[in-house]
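Next come two complexes built around chain A: one with chain B, the other with chain C.
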Partner chain A sequence: MVRIPAGTYAPILRGADEPERVPVAAFLLDARPVTNAEFLAFVRAHPKWQRSRVSPLFADTGYLGDWTGDLELGPRAPADAPVVRVSWFAARAFAAAQGKRLPTTAEWERAAAAGFTSADGATESGFSATVLAWYTKPSPETLPAAGSGRANFFGAHDLHGLVWEWVDDFNTAMVTGESRGDTGLDRTLFCGAGAANARDLTNYPAFMRVGFRSSLRANYAVPNLGFRCAK
Partner chain B sequence: MKTKLTIFLVALTFTTGRSLLAGDSPEKSRASTLLPAGEEKCACCAVEAPKPAAAPCCTELTPAAPLSARSIYQLDARFTDDDGRPVALASLRGRPVIVAMFFASCEYACPVIVDDIRRLRAELPAAVRAQARVMLVSFDVARDTPPALKAFRARMNLDDAWTLARGEAPAVQELAMLLGVKFKQDARGQFSHSNLITVLNPEGEIVHQRAGLMGDVSEAAKAVALAAPGGAR
Partner chain C sequence: MKKTSRSLPRFPAALLVALGVGAWVPALSAEEAAVAAKPNGKKLAADLPVEIAHLTQPPMVPPPIGRKHPAKVVVDLEVKEVTKRLADGVEYTFWTYGGEVPGKFIRVREGDVVEFHLNNHPSSKLPHNIDLHAVTGPGGGAASTFTAPGHSSQFTFTALNAGLYVYHCATAPVPMHISNGMYGLILVEPKDGLPPVDREYYVMQGDIYTQGANGDQGLQYFDNTKAVDERPTYIVFNGAVGSLTGDKALQAKVGETVRLYFGVGGPNITSSFHVIGEIFDKVYAEGGTRFAQENVQTTMVPSGGSTIVDFKVDVPGTFILVDHSLTRAFNKGAIGMLKVTGPETPVIYSGKEVDEVYLGQASDAGAKASAREAELVAKKAAAIAANPEIANITKEIQLERGKKVFLTSCFACHMADGKGLPNVFPPLAGSDFLKADKDRAIRIVTKGLSGPITVNGKPYNNVMPPQQFTEDQIADVLTYVMNTWGNDFGTVSLADVKRVHSQN
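And now, the complex of A and B:
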């Protein structure tokens, strides 16, 4: 794991009463996403998380869908590639079994805001473009090894450019859904000014992550969504 | 500015579509193998059984019977009621249950949710109303102690059919995840949250969810009646 020193996180979207920067205490973060081999060892030790045994409440039917069996990875899931199609419940159980936990949104974003050579990637020439480039191309059929990307300033690999990652509080991304949804608002009145109070309109990947997180449910097992642990 | 808004909306559409696809994509055959026979058995009597004679199959389930694959009573989380007694979710098994999440110092939405559930109960046939229970679980891990919940009960004038529960953060978070309730504490200590009323059948399976505040509760009431063993059909 790598140590992410205390710092702050600046949410891309925030409520009127919320501070611009949120303090984040120092924490440890896995240097790379959890791999198929590691997750296989976990389900071997905890059979209730095997594909054929897991409750649909805790993982939908896509769970570990790239594997060829309960305990076989197969060609589409190389041992050293990041595990994907894992639910939040499963990721959380894996983390707990290692004496770890999932990072919070603030922690993950704090770590991922670092550039390759400085703690603030936004000020680093070419960094934002490199991050953005990932969002422009589809993922390869078979994912490369976890940790093969260039390390960031804190020594963490692949926070960008490999897979999406679960965060513990993903369901705080957009609490009320869309404005005609499950809120107390009059559903005949709505407006699409969702980004009007955004901090940095050029940080397109941050919007993508907010949108992605807010679309998830905790039992979803989504292609290209993996995780790493924190402590 | 306009362009950015468009990009954001596209991003939302894209990501939502992506996860929906993911949810739909898996092999259908495996989905059916995930359902143990017991689940189908319960669905038969909760939803379809036309004769009262068929209804007792649900109530006959002993507490030791394994929970169905979709029962939220599988959640191994501890809660405490407003008398400080431990409450297991599964203790509600065998009855239709109306679940909502709230916090006692809520100034707006939660009293409305309580009122919505009151109206829902009023629409139930008397026999179903006598069986149905309401479970309100607080988001407010720090402030909603048993005495705070007790005060809420008194203020809202809630009878014994209502269980008010609190839990530690992981338990509350996992229950919220299972119900699909989103919540977030703001700088003032208030919570923004989804306004969701969930109906559980006697096995603890989600059979209906109603989002929003005020408005019609008859669909939810129908779902409760349908879920009740021997209830109105």
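And now, the complex of A and C:
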């Protein structure tokens, strides 16, 4: 794991009364996403998370769909590639079994805001364009090895350019904590409404991450969605 | 829906709110929508005949509905992210409704109950949704169709309003989803249909923002900054440069009436839609159901809007579809073709009737013009010969013209006040040398002068170059210098100049 020092995170969407930057305490983050091999070891040790045994409450029918069997990875799921098609429940269970947890949105965004040579990638020439390019490409049939991307300033690999990653509070982007207000919020971010309350309207990748997280439910097992753990 | 709601009960209320359970329930079920559409509630959607919508890829359009009663129409649309040709040697990853840009054409009838399925392909990188401008309801369906990769959403709406409507993805960042190709048209036919025509086609315009310049080869990526600045690299019809040209041109036969369903996906650039060499007989402006104007050359189509144009093709040939904001057509790709075949109709359009060599002076026309000019010059010469006074007209005119000549050249040395420069350039004002010999003055202006001379008792030894003046100008400028600054040395006529020149 790599240490992400204490810092701040500027949410792309925030309520009128919320601060522009949110403090993020120092934490440890996996240097790369969890691999198929690691997840295979987990389901061996915890059979209730195997594909044929998992409760449909906790994972939809796409769960571990690239694997050829409960305990066989097969050609579309190389051992060193990131595990995908895992539900939020399964990712959380994996993390707990390692004595870890899923990072929060703030933690993940704080780590991913770093460029290759500085803590603020937005100031690095070409960094934003490189990040954006990944979002414009469809997912490949077979993913490359986790950790093969260039390490960022904090030593974390593949926060951009490999897979989407679960965060613990993936579906709180539109929630202010005021439940009466929440019911009026437009959580699906459609059309120009997506721009209301936004901080940096030109940060398209940040919008796409918020949009992607908002499209999820906790039992979804989505192609190209994996995770890494924090501590 | 069902699966998800089963997964939730174990979770605390706060998380349920976070998951936004309520927002995911479609506003109206199919049955409710049908009842809402018919206030008496007699006919339920369940009673309606069920049809599977016939969707078409551009530029084709599904056949007219032909039904005289409402139906429940099931629309199945797949979102797929595909890498395709944008221009020669240029590829781009398009996000599509059905694999092509624009998305599949949807055709329903006013009053139909539409059961809409949006399927997001598992290879998609992003969640997508659909906002159909034909839908009356929150987000035009976007609120009910937000769909993660590898998932499917369903909602139902009643097509309350007839017209030609744009549909598009409305997931943030919306401009990027639209620019990448997520738009199409849905035609809600009026209950009695549209007037029949011989051919119908489907064309949409969109603006694309690539990180490379127009024509830069290879796979190009979306450029955030150019999109925000509204500086498109490409503006194209049907998703690519050349998608409606050459072998892919639209086709029609002489005498047929063609209808174009034309829309603008945008996200930003409106279209000055025009077909070169045709006149739109009818324009259903803004995609409405009444043709609002006849005999239109160019019709404006807003981003997120549409138009229906009908025109009869009377003569054969290739008719070019353009955005008549023409650098978009000439430089950015907004060009299509309609090829019309059949017999010529020379009364309407003759084709080229004459093509002959034009040689300017050497041609008949040129020779006639030259002969006429020569005739006039000869007349003028004869008139002057008969009355030499008119050649230089009057002294006043000569002074006026001579001053202009003086100020183009002579004044540089002799100075504007005619006093010259002491010991360097001799004076003209009050010059005994000038006054003494008019013919000498003509020779000096014509041929120049060098060597020692004495003017008003003072020696000068310099060089005056020959002046490139016409004979008229020489007469005029000498008349000027001999009658200015107090000089009164007489005038110089054109005849004087010609006489001196003839002497050597």
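Everything that follows uses one rule, which is that the second predicted complex is superposed on the first by the 214 of 231 C-alpha atoms of A that agree within 3 Å, B and C clash if a C-alpha of one lies under 4 Å from a C-alpha of the other, contacts with A are read in each partner's own complex, and residues count from 1 in each chain.
By our rule, contacts are C-beta pairs under 8 Å (C-beta built on N, C-alpha and C of every residue); 3 or more make two chains touch, one makes a residue touch a chain.
Worth saying up front: this structure is predicted, and the values here are computed from it rather than measured.
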Partner chain in contact with A:Ser52 - chain B first, chain C second, else both or neither: first
Contacts of A:Pro19 with chain B and chain C, given as first, second, both or neither: first
Partner chain(s) touched by A:Trp88 [first = chain B, second = chain C, both, neither]: first
First, second, both or neither for A:Ser148, with chain B first and chain C second: neither
Which of chain B and chain C A:Lys137 touches, first, second, both or neither: second
Which superposed partner A:Ala129 touches (first chain B, second chain C, both, neither): second
Residues on chain A lying within both footprints (that of chain B and that of chain C): 56-58, 60, 62, 169, 171-172, 174-175, 182-183, 187, 192-195, 201, 204, 207-208, 211-212, 214-218, 220-223, 225
List of chain C residues in touch with chain A within their complex: 3-4, 6-7, 10, 14, 17-20, 22-23, 80-83, 93, 122-127, 129, 131, 139, 142-143, 146-151, 170-174, 176, 180, 211, 221-225, 228
Contact footprint of chain A on chain B as seen in their complex: 1, 4-5, 7-9, 11-12, 14-16, 18-20, 22-23, 25-28, 30-31, 33-34, 69-72, 74, 108-109, 112, 173-174, 176-178, 180, 182-184, 186-188, 192-196, 211-213
Chain B partner contacts - residues on chain A that touch it in the complex: 15, 17-19, 52, 55-58, 60-63, 65, 85, 88-89, 168-169, 171-172, 174-177, 181-184, 187, 192-196, 198, 201, 204, 207-208, 211-212, 214-218, 220-223, 225
Chain A residues touching chain C - in the complex, by the definition given at the top: 56-58, 60, 62, 128-129, 132-139, 141, 169, 171-172, 174-175, 179, 182-183, 186-195, 201-202, 204, 207-208, 210-212, 214-225
